[in-house]
Each structure stands twice: as C-alpha cells, then as structure tokens.
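Naming follows writing order (A, B and C), and every chain is counted from residue 1.
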Amino acid sequence: MSLQTLVGEIETRFTGVVIEKIVDEKKLVKIVVSPENIKSVALYLRDSLGFDHVKAVTGVDLSRLLKKESRIEVIYHLGSYTREELSKSDMALSTKLDKANPRMPSLNDVWPSCEYHEREVYEMFGVVFEGHPDLRRLLLPEYWMDMPPMLKEYEPPGR
Amino acid sequence: MSAFLARGPKIFPGHFKTGIFGYRFTDSSSIVNMVEESEVKPEKVDEVVAQYGVEKVNRLETPKGVEYVLYRFRNFRLIRYLLNWGRMASLFPAHITTACCSVEFAATHSPRYDPERFGWLPATGSLRQSDVLVVEGTVTSKMAMRLRLVYDQMPDPKWVIAMGACAISGGLYAKDSYNVIQGIDDILPVDVYVPGCPPRPETFFQGILLLREKILYGGVA
Amino acid sequence: MTVLERKEDVRKAEFYDVGEAALKVSYGPQHPGTGHFRLVVTISGDTVLEADPDPGFVHRGEEKLAEYKTWITNIPHLERPVILDSAGIQYAYVLAVEKLMGVEPPERAKYLRPIMAELQRIGSHLYWFALYGVFLGHSTMFLWCFGDREYLVDLTSLIGGQRITHAYFVPGGVRNDAPKNVPQELVKEFSRYYRMVTGKDLPLNTTDFRKYTLAVCEFFDQRLNDYWDMFFNNELFIARTKDVGVLRREDAVRLGAVGTTLRASGVEYDNRVNNPYDAYPNFKFEVPVGIKGDCYDRAVVGFKEMRESVKIIMQAVEMMPDGPVKAKQHPINIRVPAGEAVARTEAARGEMMYYIRSDGGDKPYRVKISPPSFRLLPVMKYLLRGEQIANIPPIYWSLNYWPVEADR
C-alpha cells in the first residue's frame, strides 16, 4: 500500500482540509493542514492508519526563503512500529503558524512520545502548545533572557 | 602547554581575596602559596571580619608535632622537595566529565596506555579527596556554574588541566555558538593546556608528565 | 515573538524541601553515576516518587551552527555529538544530502561504509558495557572492554585516518580507499594476543588488509565467549538486573522507544532490515529480540548485536568489489538543489533521523537532528517511577543514554 493511496484516502475523508502536499516517495511525503483541524487528522492517522509514534517535531522559520512568508512551520514526523509495510515510509504532518503569535493545540494526548520534542520547539521558536501538561524550557540555561535562538533574526554573538 | 609563574609582592594579612575575579595569578600553585602565607592573627579577626566578611578570613590553626616541624621549615629545600614529591607521585583526578573528550580520557585508562603506573588513579567519586581537576571538552554556560562550584569544593593543593581545544579557547565552537564559554581561562586558573580535538591518549599522557614535572620543580624546563 | 518567562523557570529548576514527606534532590551533573546530565528526583524514604530529567548541560547549538557552515564543513561538526559512533551520525546526513542531489555512490563505497559503521557500533557497545561494569562495581569489565576496543580503533584509524572522529563520509562516497597493507609492527603486537585467545598462530606476513581484518574478527568472536562467562552469566549481574525496570511491549511502542530498548521489549524493528540502505540487503544477519524487557534483556540483546556486527564485517570484507570510491567530482563547495528530504539509519544506540531543507545555496537552510537518546527521555521518566534509589544507575545506563547526543 503506497503512500500515494494513503494521501488520497486522507483527502477524500477530510475534504478541503489539506492545504498543500508534497508526495515524493524517495524523499518525503508531507501534508499541510490548518491548526484547527490538526487534531482530528492526527486521531485519524493514529487509529485507522496505524501511525503510532512520533519520531521528531521540527520547527522551520520560513522568513528567509526565496518565496518569503512570515510564518513558522511545525512538522510532525510519524512512524509505525506495528504495521510492517509502513516502516519504509517517511510521513509527515505539518501546519503553518503566524510568526507574530504562534499558538497551536498540543498533540501530546494523541501521541505521548512528543512531550519533550514540543518543549524544545517551545523554547527554540517561541511556539506555545495549548494543552501541554508541562511546558517549560528544556535545553537552554535557566537565565536565558534573549529571544528564542532558532529564529532567523537571532545572530550568534560571535558574528 | 605553558602557564605563568609570576609571583607578586609579599601579601599582608587580610588584603587579598580568593574566589572568582579575586586572584592575580593564572596558576593554581601560587594561589595555594597565597593561602598559606596570609594568616590572620587571633587579635585581628573581628576587625577583618567586619571589613571583609566571614569568607575572606583564612586562619591556620597552630599545628602540633610533626606538622609543626613541617610548617615551620616548609621553605627549606629538602622538605619542600619531599612534599612536592609526595604530591606529584599520587595524583587523584576528580571525576567530572564535560563533553566529548571524556571518551579519550577513558581510553587513556585502558591497559594499553596505563597511567596507574605513575600513581594517577581516578578512584573516587568524592571531590573532597581529589587533587586534579581535568576539564575535558566544551563548557557551556549552564555547566560553568557547576564547574566553579566543583573547583571551590576541592581542598588545597589542587591543579587544573585543560584538555581539548574547546577547553583552551572554545575550539570548534569559537565563533558561532550562543551557549559555549570561549576557554575556561575566564573561570579557573589553568596549569597545563593539552591541545587536540580530541587529543590522542599519548598527548594527554604528555600533559600528565608535564604536570608532574611542574609540581616537583616549580616550573617546566 | 515571545520572551520566555524567567521567574517560573528558575523556581522550578532549583531543589527545595517539599514538606516533610517528600524531598526533592538533584542527582546532579557531577556524579559518577550519571555523567553530565541531571535528574531531579523526588524521593520519600527509599522510593523514587518522580524523576524529572534535566538535559542541556552540553547544549552547543549544533542546529543553529549548521546554518552558517557549508554542506561539507558541516560533517566534522555533526560527528562530535555522538563521538564514539561518529559513523552512525554522519551516515544519515550524507544519505539525505545524496537524496536531494540525486547522486549514487559507487559500489565499493557501498561496502566500505557499512564496515566503518559496524566497527564503530561494536566500539560503542564495548564502551557501554565497560561503564555498566563501573556503575555496578565490576571494574574488570572496564579494563577488558577498553583493552579489546583498542584493536578495533586501530582498524578505524587505518581506514579513516583518525581514531574516532575521522569525517570519512562525503556525499557521493567516502573520502579515500582502504589501505592495501597493514604495518608489520601492528601484526606482531596483535599476534601475541591472538595466540592467547584463540590458541592458533598468526603468520607474521598477513599484512594484507583483508586477511588482517578477518583475523581480528575471528579473535573478537572467540573473545565474546569469555565476556559471556565473566559478566553476562555472572550471578551478581543477574541478581542486580533481572526484573528491574520492566518495559512492556505496548508501553515501548506508545512512548516511542528506539534501539536496544525497543528490541528487548519484543518489537522486531531494525532500520537495517526494515528500511535498508547501501549494501545491507546483501548481507545475511539476524536481529536479536528479547522477551521481557528488563535490564538483563537489554544487556543480552546488546551482546548478541555485537556478534551479528562481526558477521556483517566478515561478509562485507569478502564481498567488496574493486573500483573507485567517490562519485566523479568532489568539489569543496557543493550546491544542493532546493527541496526537503528525510533519511533514517540505525546508529549504535538506535534510530537516527535527519530532516534537511535546502534553498539552492551552498549552506543548508535547516538541519534537524533527531538523535536516539533524546527519544528515550519519556521512557526514562516512566521507568524510574516507584523504584528504589539503588536501582537508578542500572536502569539509567541500560537505556544507553548519551547526554552529549541528546543535547546536540
């Protein structure tokens, strides 16, 4: 069962929710949805299609690309241990947030494996996950007072 | 692999500070000598406490017996030499790993390059019983506070070896990182610098041998 | 953009007395049992009520750094987090860049890369067991493991040029070919040890690289029997690790465990078999799986993985064809076409995943590293609940958590 058919199934089930998609079996398969619908799509992916854990949560600051948009993209990379045929796939679910006020619902009750990943995206990009049980900083020192360091406006002090 | 050995003028009691930003020399042994020489007489204790605070007073209790002999004649050459030989022949490093150079630190204790034949034994986990602090690898700002606490808890005499390029000057992360301290010179007084990324076990061994020479003769040839 | 609140974070980070019944203690960054990592542990008597991991003591900002360096000068930077198994972390980066560039490495490179990866996998497992011995008070294991690891590190330095951080992989192949001959002094020193373990004589003219590698593999295979008798089949080790820290299958899947932890709980998942890359489909090897999921199972699964790695190296050395080792051009500054790609490989500690986004220039736009140790943090928090304090070192180290890798 290839990923193209999976993406087709998601599109027929949730009509009009998928904003963009990238389908390239060798590199990455990604669907972009809006923040209000992300939880229902995540529940469908976990219960009906069998993606049972999250491998990583990435934040990307899209403000210096060639096609600029002042947004932050949060990508959930999914994987499956229970279904053998899906273990070769690189499936991703993502959403784009406004850079001035990035808030989105937390997917911690759908997949408990993304607790620490979401805390890291919170401190590195400033994205607030609503509903996360314990949102505080993870890797940066306790007295860090500057802006979140992974944004493109932040220049490291040596340069 | 060098360290300054400048010795300043004779220090009057109560007129110096230890701790961060209070020392004038970049050498651990001169700090030890400063502590030994700056005792405060019992009559003047209250005055000094009122002026500088409790932490700044160093009182040596009057030693008795053999210790009195060693203390009274500690500047004579033979006794100094024996004391130094005792200190250099059994160095106990404190166990604090900071980053990736700890792998080559552990590999130096393998049977192929064996430092135990020189008396160097990482045997204890306790800081109060060790002499040498080997700072291996990158020190981030979160770790720097704890590193200074560890150094302050070790008893005198103590020495510091800076191992790896990241501990000497920031190393691979010298320009662009937002969280890395550019060399531990700003926090601790260093005795021996061992370069490399990571240094080979033979290089670290040469650092140990140089430290022993420095303790015994008070300088490096 | 938000500025993070300072007071709340500082208040939660220090340790303080929580009434009379429970005490919050810092199992701190200077501890012979943890290394450079902190656990804030809430205890009551001898039981751990809650353990809160506090990583970040070696956070050097690798992901931000990667955006200021070119594609090729990133490779020595990215191999520093997992320094023991540096082939495992370079591998995924190089595969992802090759996917974006559309370049395939030549056949000989496809066999040289698994050889390096497996050699470093064995080295990393030996370091894991050496420190396991130190934590449990068995210092003989420390000295044996480090002594044997030196012969494997010799092989790595012959092929790659440096002991552990060799930066050997490039997008399009490997940097240089394996040597044809091994120095005579090395064979002489090794032959004494070889005779002690196997009882056979190694002729002093086996300076051919293939034959020397096969001799090292044979010696190591026999040596593993000694390890089994001394450490893994030892009554004291079994008493300390059996039925301690049991992780059931459903919890391992739900919390997203990786590597040895996942396989010891009964899930048969290995990236070299389920998602193969390079020359791995041509090798015949098994994936060891445990039954119960306690600390003893994890150690035994790690032990069996070492045997399988030796088998892979022997097959790869014999099947390796001749030819070039790099794709045609190897310019210093490569330009990678725009796009996004994901690559996953099996490093020594688990599954390593990279997400790379390129904008068409000579520097990456975003590099996201997802190391295996970071994904084991929820498992650590779950397993330490309700245990005795003396069980914290065995559980913590049986997950093979490396703090430098989790912090990047």
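In the analysis below, a residue touches a chain if its C-beta (ideal position, glycine included) is under 8 Å from a C-beta of that chain, and two chains touch if they have at least 3 such contacts.
Since this is a predicted model, take the numbers as computed values, not measurements.
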Overall pattern in which the protein chains touch one another (line/ring/star/complete/other): complete
Between A-B and B-C, the pair with more C-beta contacts: B-C
Gap in Å, rounded to a whole number, between the CA centres of subunit C and subunit A: 26
Centre distance in Å when subunit B and subunit C are each reduced to the mean of their C-alpha atoms: 34
Whole-Å separation of chain centres (CA-atom averages), subunit A against subunit B: 48
Shared-contact residues (touching 2 or more other chains) in subunit B: 140, 142, 176-179
Shared interface positions of subunit A, touching two or more other chains: 140-142, 149, 154, 156, 159
Residues of subunit C whose C-beta touches two or more other chains: 56, 59, 61, 64, 68
Complex contacts: residues of subunit C adjacent to subunit A: 1-4, 6, 8-10, 12-13, 55-56, 59, 61, 63-64, 68, 99-100, 253-256, 262, 267, 269, 274-275, 338-342, 344, 351, 353, 355, 357, 359-360, 365-366, 368, 370, 374-375, 377-378, 407
For the subunit B and subunit C complex, residues of the former touching the latter: 95-100, 102-104, 106-107, 109-112, 125, 127, 138, 140, 142-143, 146, 150, 172-173, 176-180, 197-198, 200
In the complex with subunit B, residue positions of subunit C that touch it: 28-33, 35-36, 56-61, 64-65, 68, 76-77, 80-81, 83-84, 127, 130, 143, 146-147, 149-150, 153, 163-165, 404
Contact set on subunit A toward subunit B in their complex: 140-142, 149, 154, 156-159
Touch list for subunit B against partner subunit A, complex: 140-142, 174-179
